[in-house]
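When the chains are written out, they are named A, B, C, D, E and F in that same order, and each has its own residue count from 1.
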Amino acid sequence: MQDILALASANLLSPAVLFFALGFMGTLAGAQLTLPEAVAKTLSIYLMLAIGFKGGVAVAEHGLGIDIVMALLAGMVLSALIPLVAFGLLTVMARLERVDRAAVAAHYGSISIVTFVAGSEALRVAGLGFEGYLVAVAAVMETPAILVALYLAHKGRPASEAAAKSGGRQEGLMTEVMLNSSVVVLVGSFVIGFLAGPKGLADIAPFIVDPFKGVLCLFLLDMGAVAGRGIRSGWKHMSPGLVLFGLVMPYIGAVFALAAGLAIGLSTGGVALLMVLGASASYIAVPAALRLALPEARPSIYLTLSLGITFPMNLTIGIPAYIALAQTASG
Amino acid sequence: MQDILALASANLLSPAVLFFALGFMGTLAGAQLTLPEAVAKTLSIYLMLAIGFKGGVAVAEHGLGIDIVMALLAGMVLSALIPLVAFGLLTVMARLERVDRAAVAAHYGSISIVTFVAGSEALRVAGLGFEGYLVAVAAVMETPAILVALYLAHKGRPASEAAAKSGGRQEGLMTEVMLNSSVVVLVGSFVIGFLAGPKGLADIAPFIVDPFKGVLCLFLLDMGAVAGRGIRSGWKHMSPGLVLFGLVMPYIGAVFALAAGLAIGLSTGGVALLMVLGASASYIAVPAALRLALPEARPSIYLTLSLGITFPMNLTIGIPAYIALAQTASG
Amino acid sequence: MQDILALASANLLSPAVLFFALGFMGTLAGAQLTLPEAVAKTLSIYLMLAIGFKGGVAVAEHGLGIDIVMALLAGMVLSALIPLVAFGLLTVMARLERVDRAAVAAHYGSISIVTFVAGSEALRVAGLGFEGYLVAVAAVMETPAILVALYLAHKGRPASEAAAKSGGRQEGLMTEVMLNSSVVVLVGSFVIGFLAGPKGLADIAPFIVDPFKGVLCLFLLDMGAVAGRGIRSGWKHMSPGLVLFGLVMPYIGAVFALAAGLAIGLSTGGVALLMVLGASASYIAVPAALRLALPEARPSIYLTLSLGITFPMNLTIGIPAYIALAQTASG
Amino acid sequence: MHTFAKKQIQIICERPILKRVQRHLTEAGVKGFTVFPALSGSGSEGEWDREGMVGDAGQMVMVLVVLDPEDLDRVLADIFDVVSPQMGVITISNVEVVRPDRF
Amino acid sequence: MHTFAKKQIQIICERPILKRVQRHLTEAGVKGFTVFPALSGSGSEGEWDREGMVGDAGQMVMVLVVLDPEDLDRVLADIFDVVSPQMGVITISNVEVVRPDRF
Amino acid sequence: MHTFAKKQIQIICERPILKRVQRHLTEAGVKGFTVFPALSGSGSEGEWDREGMVGDAGQMVMVLVVLDPEDLDRVLADIFDVVSPQMGVITISNVEVVRPDRF
């Protein structure tokens, strides 16, 4: 128990979380703390590139095996399964249109790479290692959730209407989703890291390793500001049930991931990180895909939930909780 | 005397000042050397974040005391006092509308954080330490000057007209000014640095400490270009009296700060840095606030003075002069 | 021979080249992998600043001599000569308007600073040093090619028409070209590096030396994406003859540079780097100048060639080939 | 396609007063607006260029408002009061739209 | 100078559907268009601001198309189908051009 | 509100010639103009996209000029000479303004 508290307070007092809080609270108080869009996008690419590369190098060092395939499969299953649970839960907890429930469900099945990064930093502080290939697992978890959500959204409709509504709408959707830049940079950097190996890492470590935590702070300042803005403008669309969903759903996703992680025999850190993936909700790839595929779904609901409620919760108390759970369970 | 010359030439030949000169002169010669706006803004946030954080860590290491309160008070008094002097001097030295005099005065009472940064780098080279909390002093010096200037601008007017003119104009002004992003990032990072302490600093030092001087060079290249552009387009609005004011006023502000710094017992480096604050003129927070509060005041005058004349002067010969003065006076 | 293969594979498996390939192929596959314009521009300025500064420091360490003057002259001669060859070759190999041939020729006479950077990294890996002043040679090679190309473009025309066509068009052209920001930052940083010397370099090395390779990776990801986009949209304007030209011309430029480098007695690494300069084709300064000076020339041809064909070829197989040739010839 | 006549107000104003303009538009009941960043410009107060700038002063933005002709006068009067002491330009033009009820 | 009457379509739409809009414009045979980035805005779905955003969702862009009055109806019908289920605004206005054959 | 008829010229041109366009506008005596950055586009010379670009070639900007109808012909003729050999589009439209003396 003491360990858990120590973990939690170490996390809460880490510069990264404090900068997130600065952005979040400063924005609620009325300040403008966002970074310019061009820079925010670049920092996000930097994070993808850095963790992808480091993951690839880790795999190059430890070798490829069947466990990677297992983990990738587990990730895909989680990404497809969690939306179903989320959809059901939303049906009980909130009065939303079917399409909005499906859209929210997609976000929770998919993942947030920044939460993943924050989780891996917390593990490092806690002295726990993890499997390098989990980066690749994160990448494969981006898309299955979207497909399941589209199915959920359309299932209730008369076939003819569904076909008409989505007529031409799915054109290009799948390539858009599969080729969205964050996935390509993540996977591409993973492969490059695998090819370049530790020698390649040594070359570019002063760019992707040493300043990484500091860059994360700057990025989380921005993310905090964007989350705070989301809460400011989206709060009126939230009901108590929805807020509760945004706080509880991550733990459900995490428990599913816990089971999966134990089943495929991940290390304690690996289990914790898979839980972080299960718990986190997308706010880059999925919203863009849904604007194309489910334009009737309201961003003011899904973005406020994933970015304004779940992301801050995961970053502050979720991550230490998942680590503690993983430690207890792995035990 | 030899020391002063050594100091001055070390400053003039530092990469940071040379890059400023490159931007300034290249622009006067017709080149386009600015950075994109998105990047310039981000670099400025980076500088705030870095010096705020380092200041906070310094205070965490040396402990909080009554001296901080004294210094904050001194800063506020300076920021309120200097505009009065500047306003009076302008009345003598230049033929300007009352509102323009008040606007210029506001800039000189407030501070330029980049000049502060350049000053602290020069102190480091000169081997002089300074109180970490001076960062917080810089933050509190941003706003009092604006209030005094608004008072000066409106004092001369018939009450009715003044009220009419500013009708609705001050709406939101104060929150705008207090919550302007540079102040919030500076103060927020200061508090975070204080909370995170030396351990937090070690984490992100490869981002905010090691590359700091280099980033400053890039930023000063841009600042030089912007200053040069300001001179190119604003020169026609300058009179000999105004130029002289832009060159002399910083020394007056510095002398006030010298007195204040000695009075509250700052270290030699601290006195020098408070002088730099007194001498420097704002070009971010104050111009934006004045566009809201005193739209009749002409930016071509106040921006050309603060950015085109005072900033380069401070950066090149002002800073070494203030350090030398502080050393002589502290003795 | 084995050495050459080792060199080539070390180059092909370097993170920088792999990231270029990721950008290039990802874009051909349909992904959007470019960085925001503001960031791409800044990274390019960063590269100029870093290599200029390092070049200047190298010269400060080794002293100025007549050899620099010789090298600058050689660079200018190459830059003026290569377009003549390119123009002739194009006349044989492709059916293009005179003005398009002249425009393409200008690009090959001028240089690509990113190829230069990649070349100097490859030399470092191969353990070969080079003369620091070659950075300055790169700078002087930007413009003579443009003048020669303008001459070539207008030579064929009746004098009256030529005069009419270019009426007012050359206004400001030369200052535009000489003062284009990349040249000014490169030369300015070179001079600053020379003035600041090794002490100045130590100050800002954590910004311009340590993370350099990593930043180059990020930039090459973007360049790869831009090159891929160029191929996608420009491919229909390419003929087999043009593609062949884009692949062969660099080697011709390189051989000219080889002769010049040997003649003026450069080191092996220096010869190789001069070859890289001779082989590379501009895609920043020259296109912008030609939009002003030769608007009838089609960017879809010259940009596709220089950025879509020659740049990737140089980066992957060209650079190791030039190094190998230089070693053989110097050897 | 059947289209309906509306008005478009184009406000080129300083970025520091953008919030104020937005508040007034919202209070005046317009159903929407879109803001565009300007790059540089020139007017009676001289030239400006946002390249390299750190602060918001000295930048202009353009606010586009499509609205019903009936609302034009009221909105215009309100916005004119806000913008006229500042640098900037307001123009009004005729546009057609497909879905008239949205404006 | 002698000028010729053309139409300008102004499409304010979400960035994620920009590719789709471009494809439809090209297929509808328009000779050109230009896209501008918007900064922020407000509409029936609330406010948005692209500052600080990482993803493309929640950003609007403006597509300007100058075209011949003859083509207006066809292009408009096609684009309206694409844009109407999404957030956004389409307006049409009259413009004059110097070189009529280019549109 | 009482408004006055003016003209608006909208010049979509290449960034490298922007300085030249500005110089000509100033020399032609226009009282002001504003420049907007474009993001991407398509025309007779194919597509362009400024994302990822380092150089200025291949970028378009839009220059808006509000001016008095009396000055239109002179300014237009001058600008047309500058822009017509290059890529780009010039359109003219009618706008109303509140303060007629400013243009």
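Basically, a contact is a pair of C-beta atoms (placed from the backbone, for glycine too) under 8 Å apart; a residue touches a chain by one contact, two chains touch by 3 or more.
Note that this is a predicted model, so its numbers are computed, not measured.
**Q** Please give the intersection of the contact partners of subunit C with those of subunit E.
**A** The shared contacts of subunit C and subunit E, listed by label, come to A, F.
**Q** Please find the path from subunit B to subunit F through touching chains that uses the fewest steps, and give that number.
**A** Tracing touching chains, the least step count from subunit B to subunit F comes to 2.
**Q** Among all chains, whose Cα centre is located farthest from the one for subunit D?
**A** C
**Q** Work out the mean Cα position per chain and let me know which chain is farthest from subunit A.
**A** F
**Q** Please work out the Cα centroid separation of subunit B and subunit C, and write it as a whole number of Å.
**A** Here subunit B and subunit C have centroids separated by 41 Å.
**Q** State, to the nearest whole Å, the distance from the C-alpha centre of subunit D to the C-alpha centre of subunit F.
**A** The separation of the two C-alpha centroids amounts to 18 Å.
**Q** Quick one: subunit A and subunit E, Cα centre-to-centre, how many Å?
**A** 33
**Q** Got the subunit E residues that touch at least 2 other chains?
**A** Where subunit E meets two or more other chains at a single residue, that happens at 36-37, 93-94.
**Q** Give the residues of subunit B touching no fewer than two other chains, as numbers and ranges.
**A** Correct list: 32, 35-39, 41, 206, 210-211.
**Q** How do the chains pair up in terms of touching? List each pair.
**A** Inter-chain contacts occur between A-B, A-C, A-E, B-C, B-D, C-F, D-E, D-F, E-F.
**Q** Can you list the residues on subunit C that touch subunit B in the complex?
**A** Subunit C residues touching subunit B: 36-39, 41-42, 45-46, 49, 53, 175, 179-181, 184-185, 188-189, 191-192, 195-196, 200, 203-208, 210-211.
**Q** Note which residues of subunit D are touching subunit E in the complex, please.
**A** 1, 3, 6, 8, 22, 25-26, 31-37, 61, 64, 66, 93-99, 102
**Q** Going by the contact rule set out above, which residues of subunit D touch subunit F in the complex?
**A** Touch residues, subunit D against subunit F: 10, 12, 36-44, 60, 62, 73, 76-77, 80, 84, 89-94.
**Q** Would you tell me which residues of subunit A are touching subunit B in their complex?
**A** So the residues of subunit A touching subunit B come out as 13-15, 18-19, 22, 26, 29-33, 35-39, 206, 210-215, 217-218, 221.
**Q** In their complex, what parts of subunit F are in touch with subunit C?
**A** Checking each residue of subunit F against subunit C gives 14, 16-17, 19-20, 45-47, 49-59, 82, 85-87.
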